[in-house]
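Naming follows writing order (A, B, C, D, E and F), and every chain is counted from residue 1.
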Amino acid sequence: MNDPGDRTVAVTALKRAVPYIRLFKHKTFVIKAGGAVFAEPETMRALVEQVGILHQVGIRTVVVHGGGPQSTELAKALGLETQFVDGRRVTDDRALDVSAMVLNGMINTRLLAACRDLEVPAVGVSGIDAGLIRARRRPPVKTGERTVDYGHVGDIVSVDPSVLQKHLDAGLLPIVSPLSCDERGNLLNINADTVAAALAARLNAEKLILITGTPGILEDESDPASLVSYTDLSGLQRLRQQGCLAAGMLPKADAIAEALTGGVQRVHLISYKVPDSLLLEVFTNEGAGTLVVRDIAALSPAEQQGSE
Amino acid sequence: MNDPGDRTVAVTALKRAVPYIRLFKHKTFVIKAGGAVFAEPETMRALVEQVGILHQVGIRTVVVHGGGPQSTELAKALGLETQFVDGRRVTDDRALDVSAMVLNGMINTRLLAACRDLEVPAVGVSGIDAGLIRARRRPPVKTGERTVDYGHVGDIVSVDPSVLQKHLDAGLLPIVSPLSCDERGNLLNINADTVAAALAARLNAEKLILITGTPGILEDESDPASLVSYTDLSGLQRLRQQGCLAAGMLPKADAIAEALTGGVQRVHLISYKVPDSLLLEVFTNEGAGTLVVRDIAALSPAEQQGSE
Amino acid sequence: MNDPGDRTVAVTALKRAVPYIRLFKHKTFVIKAGGAVFAEPETMRALVEQVGILHQVGIRTVVVHGGGPQSTELAKALGLETQFVDGRRVTDDRALDVSAMVLNGMINTRLLAACRDLEVPAVGVSGIDAGLIRARRRPPVKTGERTVDYGHVGDIVSVDPSVLQKHLDAGLLPIVSPLSCDERGNLLNINADTVAAALAARLNAEKLILITGTPGILEDESDPASLVSYTDLSGLQRLRQQGCLAAGMLPKADAIAEALTGGVQRVHLISYKVPDSLLLEVFTNEGAGTLVVRDIAALSPAEQQGSE
Amino acid sequence: MNDPGDRTVAVTALKRAVPYIRLFKHKTFVIKAGGAVFAEPETMRALVEQVGILHQVGIRTVVVHGGGPQSTELAKALGLETQFVDGRRVTDDRALDVSAMVLNGMINTRLLAACRDLEVPAVGVSGIDAGLIRARRRPPVKTGERTVDYGHVGDIVSVDPSVLQKHLDAGLLPIVSPLSCDERGNLLNINADTVAAALAARLNAEKLILITGTPGILEDESDPASLVSYTDLSGLQRLRQQGCLAAGMLPKADAIAEALTGGVQRVHLISYKVPDSLLLEVFTNEGAGTLVVRDIAALSPAEQQGSE
Amino acid sequence: MNDPGDRTVAVTALKRAVPYIRLFKHKTFVIKAGGAVFAEPETMRALVEQVGILHQVGIRTVVVHGGGPQSTELAKALGLETQFVDGRRVTDDRALDVSAMVLNGMINTRLLAACRDLEVPAVGVSGIDAGLIRARRRPPVKTGERTVDYGHVGDIVSVDPSVLQKHLDAGLLPIVSPLSCDERGNLLNINADTVAAALAARLNAEKLILITGTPGILEDESDPASLVSYTDLSGLQRLRQQGCLAAGMLPKADAIAEALTGGVQRVHLISYKVPDSLLLEVFTNEGAGTLVVRDIAALSPAEQQGSE
Amino acid sequence: MNDPGDRTVAVTALKRAVPYIRLFKHKTFVIKAGGAVFAEPETMRALVEQVGILHQVGIRTVVVHGGGPQSTELAKALGLETQFVDGRRVTDDRALDVSAMVLNGMINTRLLAACRDLEVPAVGVSGIDAGLIRARRRPPVKTGERTVDYGHVGDIVSVDPSVLQKHLDAGLLPIVSPLSCDERGNLLNINADTVAAALAARLNAEKLILITGTPGILEDESDPASLVSYTDLSGLQRLRQQGCLAAGMLPKADAIAEALTGGVQRVHLISYKVPDSLLLEVFTNEGAGTLVVRDIAALSPAEQQGSE
């Protein structure tokens, strides 16, 4: 940055960021990043760099990660066959071991190591720690004539966020693995979006930001230009009824609804493929991806403007 | 316990335990359990039950675990060959992945799940969290004519125990994986005894308790009757010079020396094969296994008596 | 405890006690011991040993003591005649001096000395300290044609438990003398059961435990086999109406009702003559004596079971 | 105070007192009052009124009381004969009971009751509470050919003032009985001046004020005009050598020396027979009685002037 | 004070003041002093001496000052002409500069300097500091046919007393200048009585004391004997309707009403010309000047008596 | 910032600023701005905007201001003649009034108002508040044959920074006027650079930044190209001896030396005429103006590099 013009730009940019810093300081953001973000060291590092900046400017930041592709890969390496019933994955005993090793041992560990490298003071947590998540095994589902047991898959019973709050109060950034368990200590797989939404609600988060490989919610999955940039719960419901939501988007839509109903102000869907998408979303006037609020009509005109 | 005699025994036992509770309340114990302890669910559960009691009566308890046998097993399942140079294991990239998955993803996770089952409020931590352990890669070792690089193996540079202390202050029991990293976020394997000794020293622990499959230090490895029940640093040095210390005991002897020099009062070696050995050690007048202090001669007669 | 069998029993007993420790840790118990408990140094010492164990394992323990027999004895030694009107004791000026000397100067002092001996960190308090109890003199009672003034006898107006809470927070065990006074500093005698019940209610105590010389509430005072082991407020009322409650039990029944109505969960009556009765009551599955709850029917089946 | 002149005087007086309030606010005063002060309700009440004012204006005030005359009286009422050996009182078992009842049960209790009446938030404490005073029995003294055991009489081993400090921090005024005990819980009589001096030293008191029935230290016990108004440790030593100190003054002189050596700034001896002597001493320019400092020569001229 | 009689008077006076100290300790008083009080160094010093005593005995004291006469004087020295419209002052740009310099730079500064001299630990604050007062410019007023803009004059929108409370908690006495501003940082003049009343209400003050040059509210402005010594809100309204309130008293009457409606217990009007009037008001049985309460009829007889 | 290129620049700039945020977070900066900075609303506003950003990103920022030109101007408006003796200004009584009004009433007030506008939570403080600065009047100086009294000019005796620390802890930015006083409350003028240096030393500030109208220290006052960009105490001494320091720079050189000797790490001199000079200094790799450290030779190479 030796060029004086460069330096001026830098300082001007800082001045533009300050109103956002003031706005979000001491607020809580829950960032959920899917396993695809961790497929390459570069994309993982880019995520850590960005959440580190949020943390540095005083935003209470919690990261929740997935690990689907990595689990599939490890299962294959171990010669395990993933069982499917009616197209849905069944988590048997060995698949559960794989999940635990991937989520708590590989992804969470690598994220913490990247945080160390980038001087972000982070700490790893999973749903099992200190009663963070209390879950119960999902009962077998009756579909048509058959009863299907999807295995070690759980539903959240309650969340005790005190361990996260203590870390945040101590200036640490929690990196959360969604692995959870029931009261008898049986491990349970829970969808990472669901975990992130539940944590965001209990932490009264200002924002829940879901980072995936798609640019946001698309009206037509095959057409990036059909991006829905701003909607609310009833809009989401409409899209679902119109069949616009892709299969993978359905559980996300449920998580979004849960977060917003639980008190989170805004849910964002952005793509990790857009460079600096997280910082652009937070620190500039125009967001990227899709923004979902509870009820657009209930917002004041000023808030509506701020949302765009 | 319907038999009145039984109930009287129970209460008498409680009264006998109280002086030990008073003695150790608010003191810190670091318990290190080797991977063999986790080979069977029963022995892992027995450990958790016992550390849960220490925690419950007010002892600030930290557990450090290993995971050697499990790493070997997973490597085999993945078809990896463990490299050896001059008989010592080399941690290459894939072996490091295995370590991370086993230590942080399998053993630590299972221990936390067992804690949930037994209502012990525990939290998982590894050397990577919040700067707990700062390590550096061990430089290649010159042996004879060759220079051997043992791979991703680290030496501790510094310990920042504040994350552990915050958990202990919050009434949580930390379960520590020894996996660590350097300042650039490169993961490093460190011997779990070494990690436990370093933590014990920095936490000013009253006791470091090493739980293994042997009854303690034996003068003759093949003769359980040759157990050394009480010794000190110079005694340990003498045993080493006499060639009495088995190969596996040598790094333990180094860890013991480091803990005692660092200020830990007593180091115990006990076997997980003796039922309730940890509770017997802490709450009854006669310990089991081997007790090592810094300098027997420097103890007052009363302290010497208390040590026996 | 050199016998290995002995040691195993001790550790097994400890493990059995731990669920109770977990259950009652940080909860408040108010223990009231009548003057008879202090008639012999051995029984007083046995009480202190037991309350010291409750304190040691983390139960917030408050002891309230009486001193009736000792007052009678001192009055006799001083050549005072105790006045009775219609069979009830009248506290005249000199009798009040005797009460003060016995309660605050003899019993409380001896209890504190025994605590010092047994390393229980205790502190003496009376109803006069720091506004703990604000009382007023009981107005003369009209009985038939006469109006009888029972002298310096008080009724509790209000309780300010902050001095007790500060002591408990500081890790001290308060030993409370029931001697109280009115706003003008006139000393007043108040029944120790009444004081204990009022403190238990204001401290939101988990348990109020009344220790006397009888095994509990008896349906037939002369038949120990008629012990009522479990009842509630309406059961107590029934017993009273059936004339089953002995004269000395009537004020106790009032105190029990006041405690339960005031929010105390359980009131126990046990005998100091049963060795370790307090510990047996708290740390084993089967209590001794009588347990009174507010309303048996309102308890869940699990709670009812726990009560037996 | 209807007369306007009166009101002006009152306000003028308040203004004169304010520099002293500023000077002594948050400082600690230990006031020791001998048993004679409590012989009449009026003199006790006058003391409480004055210490209440010290407390009210923000001085951390601790009161230590004696109880000699009252003990003699109670012993007589109980038909006990006080034993003397070579003119010194022997505290046998029954005399010890009498001390406990008088100090902890009568004087302390009455003082607290008077505090309640005058709205002074006070709390009773004795040397036995919470390890305040740790003492040991004074060994038998060899005098000439005989060895005399003075019975249950103690010497202070150590003082733990934390219970007093917590009360002072909570805005409470501690009323301290000098009764103490050894580590085995054996009660011990200790001279109240000695206790007051030890507490003053450990609390870093600004002033130790000894209230007796004499106007201060007299060079000639029979001549009030021989009052020593200002002296220091060497002056005290000189008076002792000249035989000017009356028998009762000798232990006081020892206590004064201990307090000054232990860091107390000033020790005052004043008489309770002078109305408002305590307030006059603290809030006006000229004290009454005797003031003793460590070393007059070491004071600055300003300090010397302030002392007169 | 060498005369023993004098000393006795002093101590007696102190004893009479103590009940008031007990009554008002930890309570909040807001004292408003008009600019006339600062016209002479002696009257300013007398005020500081008196508020220093309130502060010293533990009353949480806040001083609000005016500065009217001094502003007029400075404007004249600068050759500015004060504009009047229909007899009301208009605050133009230069008049605002004068206000700022007089209020924040002259009066506030001199008061702090006098506090330093009298060892009163004070701190200067104005309505602009830390959001203490948020105001808005008073809109132009339509009077008859003309619309008059009184210039930089403000109305209070909200009060954030946290900066005052932090100072009070730290043992500091805040000296408040009424200068305020709007959200855009435009300075605004606000009547000091109005500011004092708003602060008193938000601080839940026990008393608001308005110090002026008149003895209180007079039924007949020209007759000091017509002083209203005790009234309430409806009495004040009656006086206003009867035209008894002088022009200068009208805004004071509004401020009094706002304070009482906002929860302040008592508002006093006293004259700085009566020596020690503030201390006489607070520490003696009979106040001076006028006392206004919300509703005399709603007070208990005891409170009514206390008011006289 | 609608142009995507713009947005990328903004985010890139933010990423570049983060290492500096991390470096300086929770550190203390003292910024001194001379009166010239406040001559125009634009330059004052630019200063407030920049210190607001420092504050916002977590730097504990203290601003000290001067007011020389404004004082000269007000004096002129009031028709006062500034006295000079041997070319040095004499602060007589009226000049002191002018200083107080300008510093505390005009500059400090306007700065706070600008902070309100820019949403910077600031609070005004002067050397008189709460004992912040204790000064004494500078004694008359003997120059040649005459003794000259420069009037109400002070030297700092001691600094009590607790009022600043409480504000900083509460998240407030203190704006400090250098006006001070002695123990008798006599106001005293002290050079603002001297005050800033003393505060920086007592606050253990990381940086003292002096903002003036010149680009830094010039070897030749008339040649901006002769800027000294990096020096230390001995370099400063050399420049002084070579006569390179302009008259106005001499007291600054003293203040710089005092700050560095007192423990401040770095002193910067920058010009308010360079846009965003403060932000450029703090958040970019190359500073502007002059940097002075204690001893260049004592810095590690890395630190030296960082300094350039």
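By definition in this document, contacts are C-beta pairs under 8 Å (C-beta built on N, C-alpha and C of every residue); 3 or more make two chains touch, one makes a residue touch a chain.
Since the structure is predicted, the reported quantities are computational estimates derived from the model, not experimental observations.
The two sequence copies chain B and chain C touch through a face in which the numbers common to both exceed half of the numbers used overall.
The interface at C-D recurs elsewhere; of A-F, A-B or B-C, the pair that shares more than half of its residue-numbered contact pairs is A-B.
Copies chain A and chain F of the same sequence differ by a rotation of 180 degrees once their CA atoms are superposed, given in steps of 5.
Taking each chain's centre as the mean of its C-alpha atoms, the one that lies farthest from the centre of chain B is E. When every chain is reduced to the mean of its CA atoms, the largest separation from chain C belongs to F. Centroids of chain E and chain F (each the mean of its C-alpha atoms) stand 36 Å apart. The geometric centre of chain B is 69 Å away from that of chain E, both derived from CA atoms.
For chain D, the set of residues that touch two or more other chains is empty. Contact topology of the protein chains: cyclic, one closed ring where each chain has exactly two touching partners.
Contacts from chain F toward chain A in the complex involve residues 1-2, 7-18, 21-22, 25, 49, 52-53, 56-58, 119, 275-276, 279-280, 283-286. Interface residues of chain E, counted against chain F in their complex, comprise 74, 77-78, 97, 100-106, 108-110, 112-118, 121-126, 128-131, 162-163, 166, 170, 172, 179, 181, 183-187.
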